[in-house]
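Chain lettering (A, B and C) follows the sequence in which the chains are written, and residue indices restart at 1 in each chain.
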Amino acid sequence: MRRAAYRSSRLGERALTAFALLTFAFLYAPIAVLIVFSFNDSPILVFPLSNLSFKWYGELFSDGDLLRSVANSFLVAGGVVPLTLLLGVPLAFALDRFSFVGKALFERVMLVPLIVPGLITGLALLLVFTQTGFRLSLVSIMIGHSIFVLPIVVIQVYARLRRFDRSMEEASLDLGATRVQTFWRITLPNIKTAILGSALLGLTLSFDEVAIAFFLTANDNTLPMHIWSMLRHGITPQINAIGTITIVVSILLIVVSLRLLETKK
Amino acid sequence: MEPVVRLNRVSKRFRELEAVRELTLEVEEGEFLTLLGPSGCGKTTTLRLISGFEVPDEGEVVIEGQVVDALPPFRRNVNTVFQSYALFPHLTVFDNVAYSLSIRRRPRGEIRSRVSDMLERVGLADKARNMPSELSGGQMQRVALARALINEPRLLLLDEPLGALDAKLRRAMQLELKHMQANLGISFIYVTHDQEEALVMSDRVAVMDSGRLQQLGTPAEIFERPANPFVAEFLGTANFLEGEIEAAGAGRCRIGIADGITIEAEETPSLVTGDQVLATVRPQKIRLSLDDPGAPGAANTFPATLKEVIFEGVLVRLLLESAGGIGLEAQGLPDALPFAYQELVPGQRMSVHLPPEAVLVYPR
Amino acid sequence: MTSEAAVSGGSAAKALRRKRLALFLLCFGPPFLYLICFMILPYGNVFQYSFWKKELYTVAAEFNWENYARVWTNPLYRTVLFNSLEVAAIVTVCANLVGYPLAYFLAFVARKHRTLLYFLVIAPLWTSFLLRVFVWKLILGVDGIINGVLIYIGLIDEPMSIIIYNRFSVCLTLVYIFIPFVALPVYAALEKIPREYVEASMDLGAGRWRTFVRVILPLSIPGVIAGSIFTFCLSFGDFVTPTLLGGPSGIMIGNIIIGQFGAAFDWPFGSALAVVILLVVLAMIALAAAAEPRAKARIA
């Protein structure tokens, strides 16, 4: 309601709207291209388009390496999510409930992996793993991904905890619930959506990650690493089909996770 | 008989700040005790010491004869109505009220009947399936009350439970709470910073300031005989006159104020001639008349200039200034004044009389 | 009696403190140790490694500055380093030029479908980076859409090759990737501006443009800084985009690094290059930390 009071001028508003629409077109046209080409019959990517076809999708399901890489990606993400939740939720809890020396510094340092390019995180872990004789495997990729998923979980859960009215916990204790009962019955239900939302974000991010995995992959490729190697061997229309599926699935997951992370007013 | 709760010289510090200092207090079975004091005086901290959310630095808290300092909140047979209500937003009204029963694993049938009874009692039977966010302030307040009472605690703590309600609902709830307390026979410790509320509801009132107990007594006692100027001011005394005792004896004392104004009051045994004192009078007790005495005349009567007339509907407030620049406030019901307040003009001279029995004297 | 009471009160408080400390250690300890082991130590280790020396098939732990000297003296590496900085700067500026108006549109112009539009801005952040880079190959390539369309409508006869495998294609793709990175924090900052400020400014007779320059822009600076840091650091250290779309003139420091960890097998030198990126990142964080209070002070 208040918002209406400050408005750009008519002309300015139109110009901005036009600009924004162009920008949205710029953001989504490439994705549309990917999708459209995935249904194009022709084996080479040329304009104009030929017939509608699902054959590239069909081929995906007979590609053993590809299917294995998808399974690997699920394994990695399936490890990253519980790991980061197990570490991140208590950490967010500690940050919310306790003050300690260097807390502000810790909160900043914790976020560094979000700003540092993935290849640095990847090669840094690679160096440590090789020096300590830790064999590269899906576990090493999992650890690599956890380093940037962890701060995301902590940010989300920490923000939710800060909004959570602590007198509700006191009311629960007052009514005879122990601290453990209070956590399960009162605290957890109130931060549940933040936990689920960040878990889904972690899942999609881990699923799409390529730079860290690039350094930490041994023999088992994740899906993005498999795509990467396909790209090095030349473009095939299959990639468009994989791309379409991953992007559609990602967007579905994002819709769900944003719903969960949304602030309830 | 053993009091329901006893605080024994309890102190609580937050770093440098002494939130509660050497507080000693007892609450009897079935008593309604109010903690009254300005913001930040330590009322909430006192409640939290009893409910177990704070642990005293010194002293002990005894509930039903048992020292509870080592007991966490969930092991104390005391329940609290929180100022913000602290209803669980993810549970229905029914489940909120049922919470402590379900924690104690009571059979389902028992839970259902007890919660329904309780909701009936607070007039919310039809809201059982609603979420707290769908309730009005007054309804949330009742849910909080029902939730705290379902356990039948011996002692209920209420931290400004009516603070968020509008004036009208507040008055209605004051009486409702009071009646409910009397019917249940549960002891209440009630926190408020509203002196009127304290007087209306309580059996006894504990007035606090800066963590210290200032006075403990019945509403009539603390209103009529405030123990010190702080209590007097907090309970609505507006007139403070600095003076010196000129003579004392035979149950009376005479206090020189300024420029020949002297006031007689009942003698306070500890005060002797020459002591610096503060004399106080409630605005309602001041008698006014329109004839100008010219100079200080009969005992406790002196002239003053009318500065301002403030009409508040049920009440008229008159601000006066007497010799020596002493400001006074008088109040009266419009119809009970010996003159028509509409005809008063600022600047006019009046005669002020302070009845000796209404003057309370404190050392300065 | 009183002294006894004092003891009982004090000891209960002490027991409570001990319990709290235990809870804290339980919650904070494991993630802290985890971050030390897999984040702090590895990043620190890169520094150490960068001072070691590659020997034929091994790495010698002898302290030397040679790797850094090589970054600076070898014209190839120096060029690539400056090229990367330039690309990062261009991308940051362009992403702001597009992302800021977009965020402004979301905050002040869009009314009806704000939630949907907001979603459309951030959705790309969480979808496959690799695929969104790759798709530009389809668009800009010699057999790509742009060339295909232009030939189809007869504007050109032969496919153009100047739009791909150079710095232009790298910058374009990176801007595409990073627009949401800028728009999101800027929008968050604009959202937070109390409407009263803006109205007060208009009320005091400032025009729309002046209100924007004097009130809105300064208040949104923290968002611009946050978005710019992400964009600069992440585009500076990217290797996916220059690998897929770079060509010879679009090589960036990330390409060199993966080369050192691949074919060249010179990990210490690769680490030195990584340290350069880390230093740039840290410098950016420090710069932002210095700029932010100043931006705030200007407003207050």
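As a convention for this text, a residue touches a chain if its C-beta (ideal position, glycine included) is under 8 Å from a C-beta of that chain, and two chains touch if they have at least 3 such contacts.
Since this is a predicted model, take the numbers as computed values, not measurements.
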Original post:
How is the touch graph of the chains shaped: line, ring, star, complete or other?
Top reply: complete
Subject >> Between A-C and B-C, the pair joined by more C-beta contacts >> reply: A-C
**OP:** Please compute the C-alpha centroid of subunit A, do the same for subunit B, then give the distance between them in whole Å.
**Re:** 56
Subject >> Distance from the mean Cα position of subunit C to that of subunit B, given in whole angstrom >> reply: 58
Original post:
Between subunit A and subunit C, what's the gap in Å when you average each chain's C-alpha atoms?
Top reply: 16
Subject >> Complex contacts: residues of subunit B adjacent to subunit C >> reply: 8-10, 55-60, 67, 69-70
Original post:
Which of the residues in subunit B come into contact with subunit A in the complex?
Top reply: 51-53, 72-74, 78-80, 82, 84, 86-90, 99-100, 103-104, 147-148, 151
Subject >> Residues of subunit C defined as touching subunit A within the complex >> reply: 20, 24, 26-28, 30-32, 34-35, 38-43, 45-46, 49, 98, 101-102, 104-106, 108-111, 117, 119-124, 126-132, 134-139, 141, 143-145, 147-149, 151-152, 176, 179-180, 195, 198-199, 202, 208, 211, 229-230, 233-234, 236-240, 244, 254, 257-258, 261, 267, 270-271, 274, 277-278, 281, 284-285
**OP:** Provide the residue numbers of subunit C that touch subunit B in the complex, in ascending order.
**Re:** 2, 5-6, 8-13, 15-16
Original post:
Which positions of subunit A touch subunit B when the two form their complex?
Top reply: 165, 167-168, 170-179, 181, 185-186, 189-190
